[in-house]
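Next up: some structures, all given as structure tokens.
Okay, so chain A shows up in both of these, paired with chain B first and chain C after.
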Partner chain A sequence: MNANSIHFTPRRLGLIITFSLAALAMIYLSYSLPRLLPGDFVTAMYASSPVTLSAEQEAELRAFYTQPPDFYNYLVKLVKFDWGYSYAFLTPVSALFLEALPWTLLLLGTAHIISISIGFIAGVEASWRQDSRIEKGFVGGMTLLEGIPEISTGVILLVIFALNLQWFPAAGAETAYAKVSFWAWVADVCHHLALPLATLVLAYIPGNFLLARNSMIMVIKAPFITTARAKGLPSRRIRYAHAARNALLPLVTRFGLRLAFMITGVLVVERIHSYPGLGTLLFNAIQARDLPVIQAVVLISSLMVLAIILALELVYRIIDPRIEYER
Partner chain B sequence: MNADLRRYIFQDTWFLTGFSLAIVFAVTVLAGPPLVPFDPWDMSFTPISPPSAEHFLGINDGGQDIFSELIFAIRNTVTFGLVSGLVALGVGVIIGLVAGWLGGFLDMILMRLADVLLAIPAIMILILTAALFRPSPFVLSLILSGLMWPTISKAIRAQTLTLRESLHVKAAAQIGGSNWYIIRRHLMPEMFPLYLIGLAAKTRMAMFMEASLAFLGLFDPSRKSLGMMIGYAVKYYYMDIWWNWLLPPIVCLSLLIMTVTFLAISLEKVLDPRLKDALG
Partner chain C sequence: MSFEIKQLSVIYKDGSHSIQALEEVTIAIAPGKCLALVGESGSGKTTLGKACMGLLPSNSAKEGEISVNGRRIDNLKESALNEIRWDKIAMVFQNGAVNLNPVHRIIDQVAEPLIQRRLSGRVEANLKAKEALKQMGVTEEHLYRYPHKLSGGQTQRVLLAMAMILDPEIIILDEPTASLDALSKVFVSGVIAQFKSVGKAVLLITHDLEMAAGLADTVSVLYLGQVLETLPANDLLFKPLHPYTLALGRSYPTMTTARDLGGIKGDAFYRLVHQHGRHDQDKYKHTHIQIPDSSHKDGHAPPAGCLFQSRCTQAIDRCKNEKVFLNEIGDHSIRCLRNGIADILELKCVSKRYGDVIALQPTDLTLKCGEVFCLVGETGSGKTTLAMISAGMRNQDSGTRTFEARDMDQWAKREYRSIARRIGVIYQNPAESISPRFSVFEAVAEPLKIHKTIRTGESIENRVSRVLAQVRLSTDPLFLKRYPHELNMGAIQRVCIARALILKPSLLVADEPTSSLDPSVQAKVLKLLLDLQIELGLTMLFITHNIGLARKIGDRIGVMLAGRLVEVGPANMVLSAPRHPYTRLLIDSVRGLVKNPFKPGSELAKSAGCPFVPRCPRLKDICCKTPPEMVNVDHCQVRCHFPLTIDRLYES
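Up next is the complex of A and B:
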């Protein structure tokens, strides 16, 4: 283990450098793109927006975007959370972002934890019963579910459970102005979380299930499983303690890459259920043509995704040294 | 190998379902727009009216015929998906082959670039460019393919590395075949199945992205799109319009995504030898 980590340090350093370059590229794009726009874009942007700017607000915005091109200064402001001022919401952009972030993290985090656990367990159990009718049904159902995008699931759940049955609220993350005890508040938050969460879980389960099942089926054929059976170990112990541990790896290794794509669904789901996270903030900013907010949400959330993927890359290289040779 | 492939693939229920759906959509996309009963941009009908004999799916809030809108929307979504998928495939195959065959420093640079692009959420770049520049859908699909090629390249590169060691490729190099000759005559044709998997997967991703971007209102509002139709209809979901206005684009979008998902999954199952017995 120790020898390994010394041996692979240059590679790990390479990863960190690559990801830092990617982050820098994203920051540079967000810094330079507005400057590439032809003409007076502040007027053009806000002309088609429902927000009316006073003369000095417009001048301030123009000053924000036409300040002398100084990338270093931009970086410093970025680190200091000075991301500009939103005239659509009349609040600093960083305050808007930090207000929305916890809700998105709550939604996305719970959705991933639930869908990975269910998908993984279902995948392990299904592969153990390979070629049985239950397994075939499961695989069929999951393949079908994989074909239904978040937009569709979200809207269908909204119409059924919020509109027709009225079991769950159709919008928001908590009941406004309700002064209630802590536990009542938690219950309220969960109640609001249910629909967007269910949408995301339904969208994420099939991928996890199919991945877990496919890698389990390959692991099951390995000689050490035969050995475990020959030793007379109970079936559940073989399944989870021996096989599933190895089958879990592809789920972890692919998580980072899938995350970059799955962000798309979160934006849409938050908008459908009017959940006050980053997706809804971004949507409102797009509607109001509120450029500083769009820029900040796009940039900061991309940087966060990059950081998560890098962290995962570094961690699973420690968990499984074989990865080095597979690439 | 190809005859074998055809025999296997046409026995697969998922492939057959996907294939039949693809034919239905192909006919809709090609023959639909000239045959629609009304101009989808004609806003002269009574807004929000229920379906009638004339308007199969009724009229939306802008006074437009929903059925005609739907047909044009399907065409736009499919076109966006296929253009992005095909361009991503082209770029991915070329980069994968070059990186795998030539190797060395170029290989390292290209694969590092691929790693970086894989980690950047494509939707964020699309939102930023769409919000700032309001580019045409074609430009957006090109940007998207510029971000989607890495997975294809990695698969092609890995396969190239395996093929490098095979006898016939070694023989071709031995008789003095140029790099381009070997890539074109020996490497490219042999990886044909991989192209199909890549194309289906990337088209799926692109259609999904298109629907999401349109839903968030980042395309030109006059451009018909399934995502945009859902976006408008959802604002009125509490009215009794969900079954004639909201449901059709949702069903069509799901069927479209299902088509490519089924094709991608069944192709992968049949063509990837490692998965052959994994997927029942």
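Up next is the complex of A and C:
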């Protein structure tokens, strides 16, 4: 299909320009906003320590730890992928970032895959049995679950399974300094993952379920479902190939937006379970007023929003052939 | 494989009350035959189609039997039903594109039943689907498109191909041409005819009467879930027996319809089923027609009679209360207490002479309830005499008159007033038919005062202003006090119409009601008359010398010549293919094709033969000696020895 090949039509060019401008604006905000935080690294560092600094020493430190207001320089460094050094950890920001990213991706990715699969299938099946007792029970239960914030589910799971039953570890992503075989390591990672993952899955399922059910109910009423039934197709085929396929769009949007806001999304859960992902990194950096790290995390998460919105535009066209750019 | 539906009733439950969608519908279709189901929207046509496929929604309840080749399918489980669906019965749903899944390519949707039933592999199924689509005229480039990229006509072809993919024995088509242009319609009709020729049983659901008449063998007319008439398709447009079928035909625009579209008075709504309490609810269960201005919450109004009664032009008291059953009349079966369209007026051999002038030779004339009959002819041909005899204003010398199934002469002798109330008359010259000393109010109210038909609790003023509003005249007190000389001709004619209508007649005789009006006023008054005719369900006898006008308003036309009716038939037939040379002459002279219509000095006119002899272009010996009798040609009656047929018409 020629619709999938790349042409730089005015509309697409416009899209590219819009996205570039948005990216530039975000880079500027990531540069300027963290500077507006009250306090600075030096105050954060020495406020709670017994060390007393003379005014001279303090001024010297401040001069060392303060970036000169130079956006151009910031931009140039950015292009060179030079994100600077963390004040607090004394390592390159990129190293910190790359260390935290896989854990967040692992946690969030699995959470999304599991919650979307379960929520979607439950939603499809429930909507197919509309007005039955099972469906009503499901909707009620899910609405209730949707009302419980992840901060309480997280704490409750932690108290029950980590503190009382001691089935799962209470913190971390892997057992530190353990030299074990690969598979033992995988098992260890999964063991650590279980609680934060369960918290996220419980938090995400109701939304996915309710969304899938609602859009399914709209689709089921469509005449082409009647056609599919008249064709004598098996019920599962009608549910998934005909109805669910059309109910997918809102769910994909939700998935995309969730992914885009991944760092803020996992911040709470990562803190509760002390999971060493991006959320924890951002939290620590803000506490320490570690400006380069804050800037990098803010910048990357906002660029991620842009990238995902762009990707969604492309995915939509595959899901629903009616969405197409005018040529 | 024969397809039968017996006594099928469907009720939709909707909260506290239920809607009766179908009631005891019985139809049967043999292989190679087509049954068309016609009726207004909301009559249950689509419900019937869905019931056949077992696709009724869960809030519905059905009774009765649906069987394919003697095997009942209405009580099958979903899995057993799935075996029959599409394989034995397939359906083409209405509204085209919405029936196709927007996210699958059309070829995949057509091939899907083959693949899912494991009748063929994916590749083979695609080949078969391609073949089926091509047979329906879908071009190669469209095969892999998504539904939203197809036009309405192409979508319909896809739906047809999809229905045919498993080669079913019964095909249900729901409004297959509703949104198509004329050419695509011809294509779809051809496909349906082909289905029939290969031995499929076709159930055609449509509101397109012409297509039903052309394609089907039998037509069932559905109204509010009841079959009102089942008739051979050939009779649908020309010889319907039920007033509803006639009214439908009159509302349907064809290329040959001459008169303006009639429509049917009133509207159909839902039938609600009311249930009182839990026990013995069957005893109290009844249905009635939901109309907007009667909310009828607790259901005590008896709906026992005919469902069409409130919109029928020939309803009598019995129709309101007596339950109506299907009744076989010839090869029709109709649900009407009056056994089909009734004659409101029947004249047999009536003749009239004034001194030695024979104004009317023995003539038969029948007016059917609810129709507009136009009498046309040259001046002196006896139109007004015939009209006045019909209206009971003059008595005939010989012959009988029957009005509303009663002998009119006896009725008039015994109580003239009650018959005068039933027949309204509008006279030729409006200005002269109102007393110049009567104000508008007095003129319109006079019949009420004479007949004393005012019901208690109703004032004459109310009645007068209501009827004036009906004829779109002012009801302002100042206007009511005006005298005829203060009004223009159009307003005077409306006053005359109001006066003719105020007693709520069932027959309106209008003698040249518009000939003294200028064209723009004439157009308005005619439109008004026609609207009133539909609104009140009047029968109208309309006398005019203007053939163009008769063409616009008449259902049937009678042509008069020298005191005789020489041609009677449906307006479009009489005017598009006149059988009598006199009719032809009249039409040609309207068209300006005739230079000299009178041949003076011919004494043959007084001969014993045909009165048209002096002017007839195709004169033969017999014409001068024997007067011709009325003969039936197609759907018309002609008094001519050598009626023109369509072939001869084009020769000359």
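To be clear about the criterion, the second predicted complex is superposed on the first by the 253 of 327 C-alpha atoms of A that agree within 3 Å, B and C clash if a C-alpha of one lies under 4 Å from a C-alpha of the other, contacts with A are read in each partner's own complex, and residues count from 1 in each chain.
As a convention for this text, contacts are C-beta pairs under 8 Å (C-beta built on N, C-alpha and C of every residue); 3 or more make two chains touch, one makes a residue touch a chain.
Note that this is a predicted model, so its numbers are computed, not measured.
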Three-chain arrangement built on chain A, chain B and chain C clash or fit: fit
Partner chain in contact with A:Ile272 - chain B first, chain C second, else both or neither: first
Partner chain in contact with A:Val293 - chain B first, chain C second, else both or neither: neither
Chain B versus chain C as contact partner of A:Lys231, first or second or both or neither: second
Partner chain in contact with A:Ile116 - chain B first, chain C second, else both or neither: neither
Partner chain in contact with A:Leu108 - chain B first, chain C second, else both or neither: neither
Superposed arrangement, angle subtended at the Cα centre of chain A by chain B and chain C, nearest 10 degrees: 70
Partner chain in contact with A:Ile148 - chain B first, chain C second, else both or neither: first
Contacts of A:Val93 with chain B and chain C, given as first, second, both or neither: neither
Of chain C and chain B, partner touching more chain A residues: B
Shortest span in Å between Cα atoms of chain B and of chain C, once chain A is used as the common reference: 13
Residues of chain A that lie at the interface with chain B and also at the interface with chain C: none
Contacting residues of chain C [partner chain A, same complex]: 50, 53, 55, 78, 81-87, 90-91, 93, 95, 98-104, 112-113, 116-117, 146, 148, 162
Sites on chain B touched by chain A in the complex: 14, 112, 115-116, 118-125, 127-129, 131-133, 205, 208-209, 211-212, 215-218, 227, 230, 234, 237-238, 242, 246, 250-251, 253-254, 257-259, 261-262, 265, 274-275, 277-280
Chain A residues touching chain B - in the complex, by the definition given at the top: 14, 18-19, 21-22, 25-26, 29-30, 33-34, 37, 130-131, 135-136, 139, 143-144, 146-149, 151-152, 155-156, 158-159, 163, 210, 213-214, 217-218, 256-257, 260-261, 263-265, 267-268, 271-272, 282-283, 286-287, 289, 291, 294-295, 298-299, 301-302, 305-306, 309-310
List of chain A residues in touch with chain C within their complex: 222-224, 226-235, 237, 241-242, 245-246, 319-322
